[in-house]
Amino acid sequence: MPVNLKLQSFEPLIIAFCCNWCSYAGGDLAGTSRMTYPANVRVIRVPCSSRVSSNFILRAFQRGADGVVVAGCHPGDCHYTSGNYFARRRFLLLQRFLEFLGMEPERFQVHWISASEGNRFAAVMTETTDKIRALGPNRKLRDTR
Amino acid sequence: MRRIGVFICWCGTNIANTVNIEGVTEAAGKMPSVIYADNYKYMCSEIGQSMIKEAIIKEKLDRVVVAACSPRMHELTFFKTAAAAGLNPYLVEIANIREHCSWVHKDKQEATGKAIALIRTAVAKAARNKELWATQIPVECRALVIGGGIGGIQAALDIADAGFEVDLVERTPSIGGRMAQLDKTFPTLDCSACILTPKMVEVASHHNITLYTFSEVEKVDGFVGNFEATIRKKARSIDLEKCTGCGICWEKCPSRVKSEFDEALVMRKAVYVPFPQAVPNVPVIDRASCRRFTREKCGICRKACPAGAVNYDQEDEVLQKKYGAIVVATGFDILDLDDFGEFSYGKHPDVLTSLEFERLVNSSGPTGGRLLRPSDQSPPKNVVFIQCVGSRDKSRGKPYCSKICCMYSAKHAILLREKYPEAQAYVFYIDIRTAGKDFEEFHRRAVEEYGALYLKGSVGKVFPDGDKLLVKGVDSLSGHAVEIEADMVVLAAAIKAKSDAPQLARLLGISTDTHSFFTEAHPKLRPVEAHTAGIFLAGACQGPKDIPETVSQASGAAAKAIILLSKDNLLSNPCVSEVNESLCTGCLSCIKVCPYGAVAEKTIEEKIHGKALKRRVAEVNEALCQGCGSCTVSCRPGAVNLKGFTNEQIMAEVDAICL
Amino acid sequence: MKITTQSLCGTMVKEIAAISGENVAKCYQCGKCTAACPVNMAMDILPHQVLRFLQLGLVEAVLNCNTIWICASCFTCAGRCPRGVDLPGVMEALRAILLRKRGFSRFKAGDMPRVLNKGMPEQGIVSGFRKYTK
Amino acid sequence: MKQLSEILKEVAFGSLSSGEAEMVIGWQKGPFWWQSFPAFITDPGGTGSLIWDPFSVSNLSKYLLKEVPEKKIALFLKGCDALGFNQMLRDGRVDREKVLLFGIPCDGLVDPARVEAAGLSKGLLQVKKEQEELIFYYKKGQRKAPARDFYYAKCLSCRYPNPVIYDQMLGEAVPCQPVERFADVSKLETTPLEERFSYWSRHFSRCIRCFACRNVCPACSCRECIFDLAEPRWLGKANELSETQFYHITRAYHVAGRCVDCGECARICPVGIPLAELNRKFIKDINELYGEYDAGADLDKEAPLLTFKTDDPDVSSGS
């Protein structure tokens, strides 16, 4: 099979860690509003963006995710007051570090999506899928066995 | 090997139209540990729930996965279903195949594939779910109200009327607070004392309220339902029981100091009641200015007291009491005007703050209610009121609006005219804000009926000019700079938080904003609760407020406290953090990131090489933990784990979702 | 500009209030009158400013402006005023003071042919005289 | 340096014989010129074997974790060791009351590899430092060379040559003349993404997962490392690049905001992975994003990952 054909048929796997109070609810709203976004996105529900450990993100890449999104409440709106402020520091550093190791920065994204932003949820997921589809499959931190 | 049952909901056509239910059921049946998979049109219906219950019993299911709508929708429903069949509810997992799948995807094949992945993920997590039990925390059925102004009074009365014991702690010798200093209240112009005093008396006589005046809260430990407070009852030097409030002591007292209650406009004695309607109507000896204490001379009041109530040897009393709920109603201060030299405040006796003006028009005030200029005791003819002195001022004052000044300035303009029909009020304003019931009408009355001249603009300088004050300002509406020869200038100084609010916040474990006002748990939906469970806020300690707002917030805070106190036990959210002590290194990073102060340090003893050794570890207070999980990520060895969202569970989800 | 009790409640101020029957303090300077005025482009002081000047007791400034003469008494301002201020009545009072008290005439009978428009109804001519002359 | 070596013996003897300490941890010479091993001495008579020479590179404070914490231990700290000690103190891993610290000012230590690379190692018996020079002793004769030419890279960029914590300082403070420490990180940051990835893959694929980098690190002081846990099993045992990547990313991430930049990880690595560059990437980013922070030295500041500001820079969303 020619290489470009293979690329065309590539569908990325995107794992989204969503905080229960804002972003997961935003995803619910995208659903109740019948918006559409690619089925490539699969959501794992966590209480807060500050519950997302770098271990989970690395593990997702290892197990075949082509992109990972962490979504939380907008800074200042955290259900737990300050969780996303800590998350913001943790993930900014992680993102820059992964890029330092040669990972495309698009593959690990952080977004703030409120419970009322169903449209934003759908838009973020669509854009992310498009971007990562264009990047092609991730092999960089992936378990090649 | 687990025995997991998977129940797939069609949600009518909502799921079934885009997800191949049969295909998904078949795939689910083959997932690891799944021994039963079925589907139904409406899983949340009576029949659907019975299906689950029967299967739990018949198939001896030990975990249940329901693939249906969002867990935010029906998680509780299915928790109850499982519990009814004898299964711990926390063994149930929901796969969201509606909002996150069938409703957002069009292609049936794709949606079906994703639904299977989501169910596989839920199954993987469920396999690692553990039984969790909400713990019962007993509630101490007593409330502590800090602050005896109108907010604290209202909260205390409401809680007491609901049948709970309340301790009301007030720092000054009498309750009443700011409202007791006021003359009339807007927009009805009823007399402040007339509506406040009956409430003060009610507090004093209420069988459920214990009043601690001249007292301060020194320490608060514990958590929701179980606070333990240390209260210092400062030595009053007057026996509360013996004193009859006859007043002979302060008549005879030779020491005079400026009266705090009268905003230092007059002098009071060293033994004093702050104002005639004080509750309790028992004086205190201000030891800082009493000759007995400063020079070890005098003793006149003791000799004079017919009841023998004066006791110079009285000592501070420290109480330890337990409370289930705390209402904080500590009120506000007004901005120090040292930085606003252009108004000549402090340099000319006829330049006053609004609070001082309030005392001057008050019939129990220093002039007996006859508004007279402090400089020469003459009635003022032209009075200039300047609003936003320090409010909405980012550079020298506070950036926020103090909210009450527009209204009380209108009130002052009216009161001025009522006292002296020939007098003229001038009000410099930036904007007029009269959002409140009957507020705009009140303000218009001041303008139209009482002839107050409102000038949109600021005052640049107030020049003392003979026995007058020359006010230089602008009327930006006409574009004219204006000059007014005034007899009196009244400054609407900004409201600010109590200067020791940050200390109280630390003591209580609640947060303050950048201006030291206490922060509510949610600005819209939880406006009377502090971030710390069991602590509620009332009045201007949370932000500038008028009396009606303070009273409503106080009643709101009281209602929240009553809800809490009316429970014998509190059920805690079982999805809280726990510490694996054997893994805990004791670095205590978790304490730093916890927004609730729910993690603490503790020392444990361990046997190492046959020796008992002490070591510090972290400990989670389950009553305080809200389950955000920030601590789990700060913990490098993974010693802190969040029940319901453990590292193992989320890892299993990641592994399964990526398959 | 010095503001005093006298300037605020001078005889002229009282007179204007007496003639117009209007309390200018009712105006809160929203500017609706000016915004609604069909001839505001020709005025040197805008209608809401007329009221503001009166609130401040600046009667002379108002008596010397062209606004009171440009005003067509169309009553749009009064119809739309949220405070129910009868601004045309105030304008009329100002004109009346000038015309009656000070013998001022906006124009004389001799000016008529110059300004007369062929299509102008007779009623207009008459009311123009009534409005602008002694 | 000879003089300092003598002082060191004296204070060790003194603290053991006075009972001030029950054990002294110091350095002892091994059979070869480049070997200076940690020594654990409980008998005052044994203190004569203690040395301080250009190879006394091991950070002795990490050994405190292995010893019974009830014992009062005296140990010697260089500038870099002191920072690490402070970090362990902050992590609650050592009891300040139970240790007696002798500070040693140190302007740099000798990397045996550089001696070898300079062709000076053949027949070498002993290396001594005198003033700014190294003296290489052979069977026949000796040679001299400027000491700084042989220092570890980490010593050349050292910013804290004098201990920031001690009970007693031995010797005079030495001047600090660090070279720019972020040069390599900055250079890597500007290389193309794919080149960077292959650079690190080349290094990581040589990793034998001996965990020496972790074991030597004063910020890696967990009682049980997550990589050693059976459940959850974060790290597999297979020789698989993604597992190695997981290890190195996580190791560096765990010391982010805590790494004292002592460079021990890179020094100890048997296959020469430039591990310090990983740590320094975090240090550089933290300094840029959240303000300068020196773990182990800035004791009054909160660790950058354990605090926040509401106006912190946002995480770029990749768009």
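When the chains are written out, they are named A, B, C and D in that same order, and each has its own residue count from 1.
One rule holds in what follows: contacts are C-beta pairs under 8 Å (C-beta built on N, C-alpha and C of every residue); 3 or more make two chains touch, one makes a residue touch a chain.
Owing to the predicted nature of the structure, the values given are computational and were not obtained by experimental measurement.
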Of all other chains, the one whose Cα centre sits farthest from subunit C: D
Contact-richer chain pair [A-D vs B-D]: A-D
CA centroid of subunit A to CA centroid of subunit B, Å: 36
Distance between the centres, which are taken as Cα means, of subunit D and subunit B, whole angstrom: 49
Mean-CA-position distance for subunit C and subunit B (Å): 55
Multi-chain contact sites of subunit A, meaning residues that touch two or more partners: 54-55, 59, 82, 86, 90
Sites on subunit C at which at least two other chains make contact: none
Touching two or more other chains - residues of subunit B: 593, 634, 647, 651
Chains that touch, pairwise: A-B, A-D, B-C, B-D
For the subunit D and subunit A complex, residues of the former touching the latter: 185, 188-189, 193-201, 226, 234, 238, 240-243, 245-246, 249-250, 252-253, 256, 278, 281-282, 285-286, 289-290, 304-306, 308-310, 312-319
Touching residues (chain side subunit A, partner subunit B) in the complex: 13, 15, 20, 24-25, 27-28, 30-32, 34-39, 42-48, 50-56, 59-60, 63-65, 79-83, 86-87, 90, 122
Contacting residues of subunit B [partner subunit C, same complex]: 381-382, 422, 424, 426, 444, 447-448, 451, 453, 456, 475, 477-478, 480-485
Touch list for subunit B against partner subunit D, complex: 582-589, 592-593, 608-609, 611, 613, 616, 634, 636-638, 647-648, 651
Residue numbers on subunit C that touch subunit B, as the complex places them: 1-5, 8, 23, 25-26, 28-29, 49, 52-53, 55-56, 58
